[in-house]
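Scroll down for the structure; my scribbles are underneath it.
Note that the chains are named A, B, C, D, E and F in the order they appear, and that numbering of residues resets to 1 at the start of each chain.
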């Protein structure tokens, strides 16, 4: 990788994936601007940090100034109350896209999620042309930002690669992750490919490592130039010993979204 | 039509289409509960009025209590500032769906819009399986509510018929409306069919009268039992005399969204 | 209609639809050969009767001799025990196709059924390219005969029009029939069109009158030259008064197969 | 129809369809410029005639000067020698499109043919997205001009409606025409709709009247605003009495192209 | 592979593939119950044998008792008389599925065949959504069991992986097998993957090794987690030396079913 | 590879790819007949040369006599004047197909081009079923020959593999070639596979090496038995250092055809 960018903004830079992106994307840019609502540890010389809430419009706009590309991984990463989702993911992402537009940024790489399509089933073998089927408020906010990216491409010429992250963890941690796991390295390579592909337009890709069981089809994003290189197979024996076989008829096994489909409404949960 | 419902809630009841729905849906229910942020004139004995802002969560939830079905036509009907769209259309619609869930309402008929798919072209001949391509913040909010309806069906069993209204006016008023017009009577019949169809699940339909030029395909909503009966043809001679022929290469002629695709960002406009 | 055939064999001629076909197809042939396991009443001069069980191979073959076309409506018309279905529908239909092959018959019109696709949902809007999804042993036997017809076309050049009859009764009798009804006249016209179309090859068509709610798409059989002319609408008010509104989430309302999807295994039922 | 054009050029104006177009399109333009290689009879005051061979580049270019739209129906109308097809249909049509480009003409309506897709079968139920499958050199030249029109739209912004004419004659003349017939009136209405539709881009439409048997799907050209209004049904009894029933397995019955698929190579025929 | 099952029933265990499955599946279960109509040689300690005809309903039901999963490879493996096919494949498979239902078995892996789709052509590049096109009575029985599996999933919640075996032999034995070969190891791995995949529902997969020429698409079964690992390439030179190049126009070369499409009716053959 | 052919005719044998094919295809045939309008250097013992213009019908026909297969790579390889394209590519290719027909040749491998589909975009991810969208006269002539091949297969039983060559050069020479490059070895292997596949019928394949960015889908030609083995990745660093990053919104970056879409009409250019 050559340093083709001057400055890349990474939102959510203090998070699990943000930390990996700091390392992985460093060769691509002279400088990484890191944004998060939480403090960011161990700043390197090529990094600068901005601490703000995505719901803060002015701060978000300011963060986009002077940036060549945006890797937008910030926001609430799980099912949460409507207010949290609304502020961090819906309003926050809108602020980032508006910031991009005002600052003339040309490409956004967005961390969408399997939960934007969580109610499709494994055997549906969907590809990126499948309809949205969110499995909760979190997934709904991901659908919103995908559509926001589509609008900003059609109307304002800002490209978006919407990467539907499945389960990106250091290791697969349960039986579902045997198929849904995205290794950190594959995740970083996917973001890097999305930043450097010659043409993105508005592209949706599914973020899964090269696991044996493949329940979605990534054909429609092959122009990103990404092929996953890791696999969950080395973890199979251990995980199968640890967890009993799943019931194929259970909603959480049936659907791409896993246990998210078993969740009730987050505001009900909160009030319990 | 027989009065199969006890109470139907109509939001946006003071609006252009709301007024038509009051007349047209009266035979379907014992009582119509009318909601709007504006005053509602000429209440009939079968009507009751609730005046509130959809952004008011408590009022919206209260309006849904004791209701059999919801016809959700309220909200901002045009491109407007982000704050207006966010409050009236995104937050407001969320409040209505949450109200429906808490009150056990089983079916929602939602006024989506052509502007959810405004960047598709006429010759694309899309059907309801086409991807969202909003042409502005207004259309983006319509996409959001469609996905919200999808979620509430998949997770909570509340049906939604999302009706993408094209141009519903007393008469077609320009050359584009020769194909985009939806007569008031066809509109009311479409809502009535959506309320009474045996099975809706989550269904998207395109609201257009039986005009000569047909740029979208309604095949995937044929189970709603609706066939448009009006046509713009009687208005053709008059409109062609009044307006010059369009340039087929102009973005506003090329795309389903019409002149919405020519609009810039509403917040830019506002600041001018 | 002109009498283009010398002799048409109608199986199931004593049944509900067979009786209609005797009247309706008379103009198409010099002679109708009527077959059934039950006695056939009121033979007309242009008719001859053969009483035999379709499971009787020799009798079935004999019935096909000297015939120009076969309208195969015989067999068990409802969910029944495996032995009944096996003998009458699977073995019986095989006997008829073998009879056709040995006798050089060129075209078969077969009464398939909605129950070959009963587990598809109304909002799936399937067409004739959808996969088989039978809703019971009866539907399974219909799938078998469709595949049998496909084989006899590909290998032996015998054409089949497989007509998936929905609900063909004198009048629609319940709320489901408001969409699933096939009037007797439309049914007879569909069979006549299938007999006289210039080219059938192997074609699947869905037998539904021109009812308001249309849950399947007949596009792929438009070369048969059939358009339904009747509608269930005149019966709507009466039926809606008689039966309560359905629950859209009930399996029998959700699926094309209606209450067949609620049935258990017929052999279990029999043993109760 | 209102006279929205100043001058329309009609090529092939002395031919069978050209004569109809002269009458039918007169209300659309102040003047019709008629071109043919043969003499054109009975010029009306609103008409002017140009007699030249389409292979004559300079004459073809000159004919396009000062024209608002072109109805290109000229060329060899049947299977002929390669040299004839090459000169009249391939070179000739190229001259017309180049003429259009040089003269700034914005829309061309082209008489393509069923023979561009003649090797598809009736039961394939193709639509305008099906691949080219020409059934002879004539059909091959029609494919060429469709692709030429596509190029001139993509590169030069000249719209084309490519109308695949099936069998346009005063009356259906054989059994095949019971499904392939395009009445003169429907043909003229199709050309007029193609000239006046708000947006054509590059659109392919199938030119068939509203006959009972419908072997192709016109869904993808519904934005032209054309619905056929005539039918071959009144001619059925007469034609069925005159011609024996077809053999459904004969190539000429099986394929859309009819007897063209039985033709050998035209240059072989010529040398016999 | 870990022994996740207590007992797996393998039908057809004395056959060519059954012998391989005994070896290959042993690690997956504590015990293999082997069923065949022929004697089973060399029973191992982890095996038990049941000798019965699949047409024997009671024996088939008994064989399913106490079983965790069924690998149903029994029945007639080639084109045979109708009576043989009917008894072994149609009635026999029905007995196995009923046995599974009565015994509460949750998953069946079924040996379907290329001959269920034998009349599709290589260049059609079909996937698992293609229609059935059996090439004989054998293939017809495979279609029947696929539909039976679909029914038992939709109605009774028993999963089926229907594996369309192409040519599973120790080595490719003719030119066709250069593309149709399925190595024994790949076959065993496919069955093992089908037994252990988290979710099967009703899934159709095509059983072919990783040969150079790939005439079908296995995209729709990627959730089984199977990738073939063997290839026919090492056998190419030998086979091309031994057999002349095929005629690409021969029906047996054109179609997936190979020489099965050249067969007449098996009962005709038998009577010669 | 074994020498399965007696004589293969290679047109364009003096060109860049022709030279590679002489080396690569030598093992497949006893003799290579080389044709070109230019002199052919360094004839080997297994080669014979014919120097003629493809527009010379008699010479082209003569070249096809006694040939087992034709590798048709001759003609104008770039955008040129209409007359050049017409004579070399349209008339010339027609002469070759007619030569093949008269000489009884059974298979043609044709060098089509990305420019037959140059106006599709990278993110469209088209496959071989996509419509022609030529990006110039050169691409238009490639579309013509594809349709010619389709005709000669449907009507005369001559197979064609139409290989859409993207950028076949010794090395990728600019940023676009990082995705469009086809190595010489992959090109030769693709031609060899097309010559030896058991069944080609009429097949379109896309000629691209196994580069990281993959903007087209080759699924529909998997029966050719070709997998590219080279990749542009080793050239990435050098090319990215040499050329600036592209603008994703530039037409030449957006479309498959690259800078061809920026070209005006070749006859305009010539007259400058």
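We take it that contacts are C-beta pairs under 8 Å (C-beta built on N, C-alpha and C of every residue); 3 or more make two chains touch, one makes a residue touch a chain.
None of the values given here were measured: they were computed from a predicted structure.
Colleague: By label order, what chains touch chain B and chain E together?
Modeller: A, C
Colleague: Quick check on the contact network: minimum steps from chain B to chain F?
Modeller: 2
Colleague: If you match contact pairs by residue number, which of A-B, A-F or D-F shares over half of them with B-C?
Modeller: Interface equivalent to B-C: A-F.
Colleague: Is it true that over half of the residue numbers where chain A touches chain B are used by both copies, so same, or is it different?
Modeller: At the contact between chain A and chain B, which are copies of one sequence, the residues are largely the same (over half shared).
Colleague: Centroid from C-alpha atoms only, then distance chain A to chain E, rounded to Å. What do you get?
Modeller: 41
Colleague: Counting only Cα atoms for the centres, state how far chain A is from chain D in Å.
Modeller: Those two chain centres are 52 Å apart.
Colleague: Provide the list of chain B residues touching at least two other chains, using ranges where the numbers run on.
Modeller: Within chain B, no residue touches at least two other chains.
Colleague: Based on which chains touch which, is the overall arrangement a line, ring, star, complete graph, or other?
Modeller: Its topology fits none of the listed shapes; call it other.
Colleague: Among all the chains shown, which pairs meet the touch rule set out at the top?
Modeller: Here the touching pairs of chains are A-B, A-E, A-F, B-C, B-D, C-D, C-E, D-F, E-F.
Colleague: Could you please specify the touching residues of chain B with respect to chain A in the complex?
Modeller: It is residues 82, 86, 90-91, 94, 98, 101, 119, 129, 131-137, 139-140, 143-144, 147-148, 150-151, 154-156, 261, 265, 267 of chain B that touch chain A.
Colleague: Which positions of chain E touch chain A when the two form their complex?
Modeller: Listed in rising order, the residues of chain E that touch chain A are 2, 4, 106-107, 157, 159, 193, 197-203, 219-220, 222-227.
Colleague: Which positions of chain E touch chain F when the two form their complex?
Modeller: Interface residues on the chain E side: 121-123, 125, 175-176, 178-179, 211-215, 217, 237, 240-241, 245-246, 248-249, 253-254.
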